[in-house]
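Per-chain residue numbering starts at 1, and chain names A, B and C are given in the order in which the chains are listed.
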Amino acid sequence: MNQDPRLAPPVRRIIPRQAGTVVEPRSEPAPSAAAAVASAAQPAVEPGVQSGAWQDPVDMPAPPRAPTTTHSNVVERMRLESVWLAYGDRWVVRDVSLPVRQGEVLALIGASGSGKTTLLRSLNRLTEITAGAARAGHITLDGEEIDGLEANDLRRRISMVFQQPNPFPMSVFENVAYSLREERAARRRRRRAGLPGRGPRGDQLRASVVEALRRAGLYDEVGDDLDRPALGLSGGQQQRLCIARSLAAGPEVLLLDEPCSALDPISTATIEELIVGLRESVAVVIVTHNLQQAVRVADHVAFMHLGELVEYGPSQQIFEHPRQQRTRDYVSGAFG
Amino acid sequence: MEWLLRAITISVLVVIGLIAAAILIEAWPSFEHNGIRWFFPGGDVDQQLKAMITGPQEPARYNWHFRGWPLIWGTILTSGFAVIFALPLAILAAIFIVEIAPARVRRVVEPAVWLLAGVPSVVYGLVGLLVIVPWVEHDLISKAQKHSVDYVVQLTGENVSVATAILTVMILPIMIALIVRALQTVPRTWTEGSVALGVNRWRTIRRVSLRAARPAIIAAAVLAMGRALGESIMLSMVSGSRGFAANPLDGATFFFEPVRPLAATIIDYAEGISVAPLRHTLYAMGAVLLVSTALFSLAGWAVKQPLKRYGIGT
Amino acid sequence: MEGALNATDSSTLGVSGARKPPATLRRSQRPRERLAGWPIADRVAWAACWVVGVGVSLVTAAIVLLMAVKGIAYLHPALLFEHPSAAVAQSQSGGFLDPIEGTLLLTAVGTAIAAPLGVAIAVWLHEYGRPAGLARATESAIEMTAGGPSVLFALFGLILFARPVLAFLSQTSAGGSVSGRSFLTAGAVSSLLALPLVVGATREALAQLPARLREASQALGKTRARTIRKVLLPSIRPGIAAGVVLGMGRIIGDTAIVIFVLGATLHLTPAGGLPGLSALRGEGTTLTAYVRYNSPAGEGLAPNKAYAAAFVLMLIVVALNFAVVRLGSGSRRKRPFARWRPARAGSAQ
């Protein structure tokens, strides 16, 4: 795995920054990632959670696929605290608090209309461009309030893949190169990170595009002709193209909103495999109402019902020993 | 019912086809007598046209001599520049209406554009003639400039700049209307997908929405070109009504030199249409307009074709 | 059981407390355009959109205001009811009753021809459209007509209606030559201006009809023709009307056809016996031709009257615009979406 550094710059960059400047949370117990890292080092903490080993996950061998086991390199990246979301006068997400961690996949499950999509969209402030949406509560990324970040910078770091594949009406290549070409907008941020001010060009751009397509598992299928129209791909390929498009920007958190709901079983399996493989380099949040899928890919599961977060815990616990009656009903009902 | 409707459609189609045929046939004698030189420069067009009226009236001795370049050049200048100026303005205005303007502002701007589209061209001509022309003549053109060229042409407020400026405003609303429609139908999933990648709204509009609206932008340019080429009344009122080929080499003076496009010439000589050689010449001008409008449509169609490959347009 | 979680109060993490909703939403969450972080070029482009958008509105406002100020200054009621006369002095050249009548007459004839033809073509295109080649040819012909210069239509009309076969539509001179100029002929030519607008509006209205309307009617055993006449056409009436009104606007605003095919005379010149028909077969003029005639570009030399007539013209145009918006608000032209525009968030409890 010889990756272009551009594809995963945040991982290398953020750790030293946190080590240097500890973001001090306000008086309330809102631990930043730094705090989480610190607490992870304490003996009381479950041994699996520590920060030392994941500095360069790129070189790590992919762990065996065993979703419910904890990995050696898990760190909290985002934290939601008492998040409330409304459309107009109607609260559709009530008081949700959750951690989002790199190194594992978090699945949001729950019946339709329970507010999963809304919650996911609030994580990169897409709710701001939705008519009538409003939010209360704190969401932090590496200890920083997301409201304090420039919205577009934030969305580069926290990228979203939608329920319906939405490739742009361009060639496959242009779709993936899209965000790379738009790097200029993020020039200042990149300069701070010691990277060149502009996005990659020429051969370098091509290499980055190919790399992103490889990571999304699409290169073998479309690599022979990257100039083909993206809208001519199959549904599963389109969705993987959308994932590649998001990955090309080098996100730190990847949000997936029911990415397989429009796809056939084979495409679904491919994408699930891809998601599990990604969790080392990005924090992954996936919304699904397919419980089988949650079992297959998730390390932690959050069950939402009518806007409330009913239960959160390791996947195994949620599916085998749920604590809440409502979770038990939902899980068993769905399993038959 | 079906065959009745089809019959109506076919007859209208035949009439529209007849328009082209009739004009081309009526135009032919003028081209026949002048050959390719019809399009060349050579002498004073207005004198040539007047000579047709005053010349002998027996068919064998008709005065056919005509060199149309000044009029063609005037058409190219006014229509070409009007479309070039109007296109970016129309795109910006359309983006403003669809993507940027707050609801309250949009409620004012949108009807204003529709209203502008409805203003008759004779009103533009009147405003131009009574307001803009005097202003340009008195305040913008210097004595020295008038003096420098008064051995060939008289500089007045009726000139190529005023004509082009008013023409630009005239074709603007129709372009805006077409582009607005296209922008409104860009799927939200595309723009949202782009914003979710951290691309700001302006870049999203530019890279995704405008890209998807390209066929409409081309269509708007073609339609506006047709309008500009065919605009006769306003131009006959403000363009200086002299068949003079404004010369860019004259420097700043060029902007104040008169021009008269083909369509305006047809109107200006409407009264002489009963004189056979003049009539054929006027129809020849019409034929040039007809063919160039058709060529622009064709070009627009051709430009749109490659876009279809990536799923843009229909 | 996770360490990071247990490190904090478990009641605030992981599970909804379902407490009462917060009284106020965070101010920073108030949705608003934040351009501060954008590259300078993007901000400039954003500003340029504002400038152009507002600029276009200002141009419209300037034209309307100018017409209103001049119009109100020079328009007095007598002008509307006096016939024009050829006097040189502005004070003696009369009013513009004839041009007003002419405008109404020409528009009536033009729309009377364009409306049924346009609807027929649109219905055929939308409901039948076979053979496909003919449909495509029709579409591009209509498109060409929409972009076609009216002066070309005028030139064509002159040739067509000067044919002796069509002499009954206009007048024949003593020498036997057919003038080809009359309200009937000019109206027929003008209908070409309105035709594409009627076709477009009707097609669009048809396309927006829900499919179930058609299915329901056909399920009741009605024939296609009957469905079209009894179900489809009545339900798209506002759409058709909007197209017709737009077409009227184009006919009213045109001058080239009036000059060539109507004659642009000073007065209406009825010809023939029957009172109603005589005006139709005669030559005449309209407001647009009158404005041109009285502008410095014409021979009338009465700019004040040109302003007054142009003002009347503008009033008609504004009225038509309102009619289109009214008609359109029902079916067509839904307000452009609130796509990016977040609504007031403060209203959430």
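Throughout what follows, a residue touches a chain if its C-beta (ideal position, glycine included) is under 8 Å from a C-beta of that chain, and two chains touch if they have at least 3 such contacts.
Worth saying up front: this structure is predicted, and the values here are computed from it rather than measured.
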Message: Touching both chain A and chain B, which chains are there?
response: C
- prompt: Pick the pair with more C-beta contacts: B-C or A-C?
  reply: B-C
Query: Which whole number of Å gives the spacing of the CA centres of chain A and chain C?
result: 51
Field: Distance between chain centroids, defined by C-alpha means - chain B, chain C (Å)
entry: 19
Task: Could you check chain B for residues that touch two or more other chains and list them?
output: 200, 203
- line: Each of the following residues of chain C touches two or more other chains, namely 37-38, 42, 338, 340-341
Task: Hunt down the residues of chain A that sit against at least two other chains at once, touch-wise.
output: 129, 152-153, 185
Message: Under the definition above, what is the set of chain A residues touching chain B in their complex?
response: 124, 126, 129, 152-157, 159-160, 162, 164, 166-171, 178-179, 182, 185-186, 229-232, 242, 245-246, 249
Task: Write out the stretch or stretches of chain B touching chain C in their complex.
output: 1-2, 4-6, 8-10, 12-13, 16-19, 22-23, 26, 89, 92-93, 95-103, 105-106, 108-116, 118-123, 125-127, 129-131, 169, 172-173, 176, 180, 184, 188, 191, 200-203, 206, 222-223, 226-227, 229-233, 236-237, 241, 263, 266-267, 270, 273, 282-283, 286, 289-290, 293-294, 297
Message: For a test of understanding, state which residues of chain C touch chain A in their complex under the given definition.
response: 1-9, 12-19, 21-22, 24-26, 28-29, 31, 34, 36-39, 42, 338, 340-343, 345-349
- prompt: What does chain C use to touch chain B in their complex?
  reply: 33, 37-38, 42-43, 45-46, 48-50, 52-54, 56-57, 59-61, 63-64, 66-67, 117, 120-121, 123-125, 128, 134, 137-138, 140-153, 155-156, 158-160, 192, 195, 224-225, 228-229, 249, 252-256, 259-260, 288-289, 291-292, 295-297, 303, 306-307, 310, 313-314, 317-318, 320-321, 324-325, 336-341
- prompt: Quick one: in the complex, what on chain A touches chain C?
  reply: 29, 31, 36, 39-40, 42, 44-46, 49, 76, 81-82, 84, 86, 88-91, 94-99, 101, 128-137, 147-148, 150-153, 184-185, 187, 300, 308-314, 317
